[in-house]
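Chains here go by letter, A, B, C and D, matching the order in which they are written, and residues are numbered from 1 within each.
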Amino acid sequence: MMSGDFFFRNKIPVAILGATGCVGQKFVQLLSKHPWFEIFALCASEKSAGKTYQEAVHWTLPTPIPDEVKQMQVLTCETSLDCQLVFSALDSSIAGFIETRFAEAGHLVISNSRNHRMEANVPLVIGEVNPEHLELAKSQPFQRGMIITNPNCSVIGMVMALKPLMPLGIDAVHVVTMQAISGAGYPGVASLDINDNIIPFIKGEEGKLESEPLKILGDLQGTTLQPASIKISAQCNRVPIIDGHVACLSIKLNGSASPETIIQAWREFSGEPQKFQLPSAPLHPIYYFDDPFYPQPRFHRLLDKEMAVSIGRLRPCSLMDYKFTLLSHNMTRGAAGSALLNAELLVKKGWVYWS
Amino acid sequence: MMSGDFFFRNKIPVAILGATGCVGQKFVQLLSKHPWFEIFALCASEKSAGKTYQEAVHWTLPTPIPDEVKQMQVLTCETSLDCQLVFSALDSSIAGFIETRFAEAGHLVISNSRNHRMEANVPLVIGEVNPEHLELAKSQPFQRGMIITNPNCSVIGMVMALKPLMPLGIDAVHVVTMQAISGAGYPGVASLDINDNIIPFIKGEEGKLESEPLKILGDLQGTTLQPASIKISAQCNRVPIIDGHVACLSIKLNGSASPETIIQAWREFSGEPQKFQLPSAPLHPIYYFDDPFYPQPRFHRLLDKEMAVSIGRLRPCSLMDYKFTLLSHNMTRGAAGSALLNAELLVKKGWVYWS
Amino acid sequence: MMSGDFFFRNKIPVAILGATGCVGQKFVQLLSKHPWFEIFALCASEKSAGKTYQEAVHWTLPTPIPDEVKQMQVLTCETSLDCQLVFSALDSSIAGFIETRFAEAGHLVISNSRNHRMEANVPLVIGEVNPEHLELAKSQPFQRGMIITNPNCSVIGMVMALKPLMPLGIDAVHVVTMQAISGAGYPGVASLDINDNIIPFIKGEEGKLESEPLKILGDLQGTTLQPASIKISAQCNRVPIIDGHVACLSIKLNGSASPETIIQAWREFSGEPQKFQLPSAPLHPIYYFDDPFYPQPRFHRLLDKEMAVSIGRLRPCSLMDYKFTLLSHNMTRGAAGSALLNAELLVKKGWVYWS
Amino acid sequence: MMSGDFFFRNKIPVAILGATGCVGQKFVQLLSKHPWFEIFALCASEKSAGKTYQEAVHWTLPTPIPDEVKQMQVLTCETSLDCQLVFSALDSSIAGFIETRFAEAGHLVISNSRNHRMEANVPLVIGEVNPEHLELAKSQPFQRGMIITNPNCSVIGMVMALKPLMPLGIDAVHVVTMQAISGAGYPGVASLDINDNIIPFIKGEEGKLESEPLKILGDLQGTTLQPASIKISAQCNRVPIIDGHVACLSIKLNGSASPETIIQAWREFSGEPQKFQLPSAPLHPIYYFDDPFYPQPRFHRLLDKEMAVSIGRLRPCSLMDYKFTLLSHNMTRGAAGSALLNAELLVKKGWVYWS
């Protein structure tokens, strides 16, 4: 059975690679109550394999391990899984190789890892921003398999804020981030390093913020992608908050636009996930707050299924045109949730088949 | 007796206005072991007056209240004090009026408050940056009194980093701050507002960062000050750290300069406080770190008597010319310590007299 | 219409006194989606009255202000409200007087405030522990009104852990608490007082932990309550966590009991809220964890609608008999949630009438 | 030359084993400006050996790495060191074996590790409490070497509070600790585990609190130690503060004593370190605070060279006799500082020789 305008008799079985890590746990949490998908296999490293999920995982989310996965036996990342759809939350030290192997074996790999993101025929997709880029995957050299990626946790919020402004013409973006500790995984940041402290450097992060948006906001012309020509400069900091990445942006437009125009563009922004009412889609991708003290991680990261981007403080910038602050949940909107949204899009497009 | 090349038989008596607040406490801490000054009077609001200092203060510093002030009786902010030198840590809601009254009564007011900072004949001075601006005070309309101010806590670190680069020609500065909770005074920020959170707005702060540096870095031509022509854009955030303001800067130069030139300029930077070996002067005003993970508030805010500015991560900026991160202790270098340095300069210049 | 085995055509209108405070906000959050109740009036101080709720409140919960109350006009705490059921989250400085006035005017006052708790004919009730004490209220001197209270936030978790052990005979309890900052209300604890710190004293708290449990665990004999004869010694600390009170207990039993017996008693514990399947009742009032690292506030405070008590580490105590650690959500189980459960019990018992 | 009433021409060379760990760093910090000792060798694991100290260490203290050790080459823990005095901050997984080897090679090993603490002829010493126990070391089976230990970080503060009360007769002690993250070393506690959280279990810790005090407070009768007969029950928690262990104690005395007697005993407490005015000795080993909100880690851990124990809130306990709260700096008084004090005592006693 092929989907499209579908009706589920059975849920679609999915596997999670790297299921014991922080992002893997978020996948487990989001998939455990998903209307379309059900967890079929949890895969992790050799040292976890053979244990029950409960034994293998050091759970770091504030809601309990879902009952139905507690006793599932963790598998290694072998490719003999009997399910088409595979979510990857693998560490980048191994993700590249394993994901390729899964695609070669015919799986549809929805990856949150950075390894394949910038490859020419690998879509780097945010559901609301560039779903048309999924087409790129058709030129991948696999028989039936594919690799679809979503951007870095800090990139997603930023690009979602920029997308509605693209018609205004964006010339340049200056961004300074304050990123939560959960973004570094587990054990990740030692408490002695971050409590009462700021770390002004996150390895590799600034490069991603300066390159990934160009691909995501690029134009698909036939089978090739023309990257957006926006100049971006990024500075990234780790701060002592648990979840929620905050970014201070300044933007330079090609033309001129009133603050009202910009705020309206944000508030009216909507994409395919909203049109198709995908299960993981927020009602509104962007919330703009008039209160100058907003957005704040502790108060807005949970907004709209943790899938919304919160923006506030739009005001003129004396160097560029405008400045503003944005926030998104780095684990959900910034990672597992956006990957899941990509999978839901693929179901809707009929790329996922099940019996 | 008038000083200059002086020898102290007795210490110089000083008063502290607003002595029970956070900055007032820092003044008390710094002055309690000062080689030149001794605390003569502690002044605060009506509600504290009459109590001993120990009773009146809610002490928030990690070292104990100095023994010698514990039993001092707190006075109101009356101007009948028998000491020339008066430090003001008054709340800006009342500082303007009270400081003026003290200057009229002949006192030399060294103020950390913002009220008079931008007035034409009020020097806004950082000891290492613009000691020559003290001359401005000579045209103040008081008989013998004067008001000398130091900049906002976030401005001081930023301007100290910019000053050594002025010969290179600075065209524009983009700055995003992450500011400590102690900067908001006591009770200041509620724990429910800031724990596991960021507040992306500090009232009035961005305006100060965009205006005060122009005055401080301005040229004194005769008795008038020509402000520097630098374009500045600021974004300020409150973050959950106790002490130490961090700032991410991007700068645009008029000409070109190598990273080595800039780092050398910082490392060799030195001013009158260093030349005169003032008691509160850091050995080096600026420390540049090669480690990309530095500076960090918990590890560098205490550096060199809490009076140094720590800088790291100088690298090219794709929008402007360079970007880097800086840190300074907001209570010492950013407030009471810089005020004290101003007072020490005045002693050295012979503007302070005592018997 | 009187309830019992009821069917709601309309929801029961309720008022919240002290609706802008922290506990008041929790009432708003819990009542906004309640199947039986609907918010009819939000009352607060003179300074809030007349504003919309959104204007008047400084919201401190991580989920947004419910849309339906944002525009409600805040009223003063006058007694002319046209609803029988009134929740009180009033500050104890005024709660005693205002609650009495509401009871005199015929209202059923469900109070979280401490003022009336220890009065002879005021029930101090935890739904699962002593619902029979509600009878005490019948001898209150009001025409139709009544005052029903729930215990202090730290007391509730402790008494829920003790109740299932009462058949074993409890001689003495030693308790040391580590209490969250939200327990102090807003603005409550200043961040400069609690970040990277512990405050070893909470005014009045230890007395409540030593007295309230005796009333709650007492025997109702006719119309008088015989307090339990348990010796309790308490030490209370404020610690830098946002929600969730943790307590380390040691208990001395009159007889002997195996650890298995105790754990079984906890796991099987259930009360009227569970029997009646009240909307706010947790499925299990107590969760016992075998993992020695549990319970932890960040991971278990949300358990079972934030209404469960989590216990772990039962082990012999060399001074008393057993020691263990418990956790409960201080705002929900420890305050608004337990009050709400009391109201639901009253509905079930037919004490609440509506049209 | 042998010391006693000594005069230093040269400082005494010392080595630090485990110099790159958290306690090792504290040794480095304390020894870098020590009037009697100078750092001769820094020893650590194979993976650090050969690097400069600055390269090998992940420095976690708020003051900078002392300049004089930055370029020292780290050595392995070989026993061919040409200095008698060796401080051990080794991890307990290897400390037992390596320390024995050093003692066999004739070194005087001052260890902060737990491995040898409870051995019959190994002194477990707090300078102010039981310096006479040092005699035990004379029956160790080494030629000239010796192993001297200091207690666990939480034990030291507790025993120092109990020692002055020993003449009153202590029957039993109930203790609940709230311990800082630095006590777990580096990387130690992951920020995702402890931020906004409490961990109610520290492996092995409660056993140490229940056993080590009995040895320290025991009577040396000839060459054997009669342990104190005090019943102790301990509960240990990790809390999100950086430095400073807090403990809530209840004590039962054999006889009766007034609060005044107890407070006086604490305030007058003094030992050999004070008598000999040892460089690391606090002026007063114990500070008792009348303010019920004291002691607090952030405000009292730095007291008197970080070597004092702060106590407050003495009040009757309804189960035992008295309860109170104490605080000590876990890294200094609770580890490296107390070890250093032991070494200073040995110098004063003439057990250390140098040329």
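We take it that contacts are C-beta pairs under 8 Å (C-beta built on N, C-alpha and C of every residue); 3 or more make two chains touch, one makes a residue touch a chain.
The structure displayed is predicted, hence computed values, not measured ones.
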| item | value |
| --- | --- |
| Required minimum of steps from chain A to chain C, each step between chains that touch | 1 |
| Of C-D and B-C, whichever chain pair has more C-beta contact pairs | C-D |
| Farthest-lying chain, centroid of Cα atoms versus that of chain A | D |
| Computed distance of Cα centres, chain D from chain B, in Å | 40 |
| For chain C paired with chain D, centre-to-centre distance based on mean C-alpha positions, whole Å | 43 |
| Rounded Å distance, chain B centre to chain C centre (Cα mean) | 48 |
| Chain B residues counted as touching two or more neighbouring chains | 195-196, 240, 242, 298-299 |
| Chain D to chain C touching residues, read off their complex | 172, 174, 176, 178, 195-201, 210, 231-233, 235, 237, 239-242, 246, 248, 250, 292-299, 312-313, 317-320, 323, 325 |
| Touching residues on chain B, where the partner in the complex is chain D | 59, 61-64, 195-196, 242, 298-303 |
| Complex contact set, residues of chain D against chain A | 22, 60, 181-182, 186-196, 240, 242 |
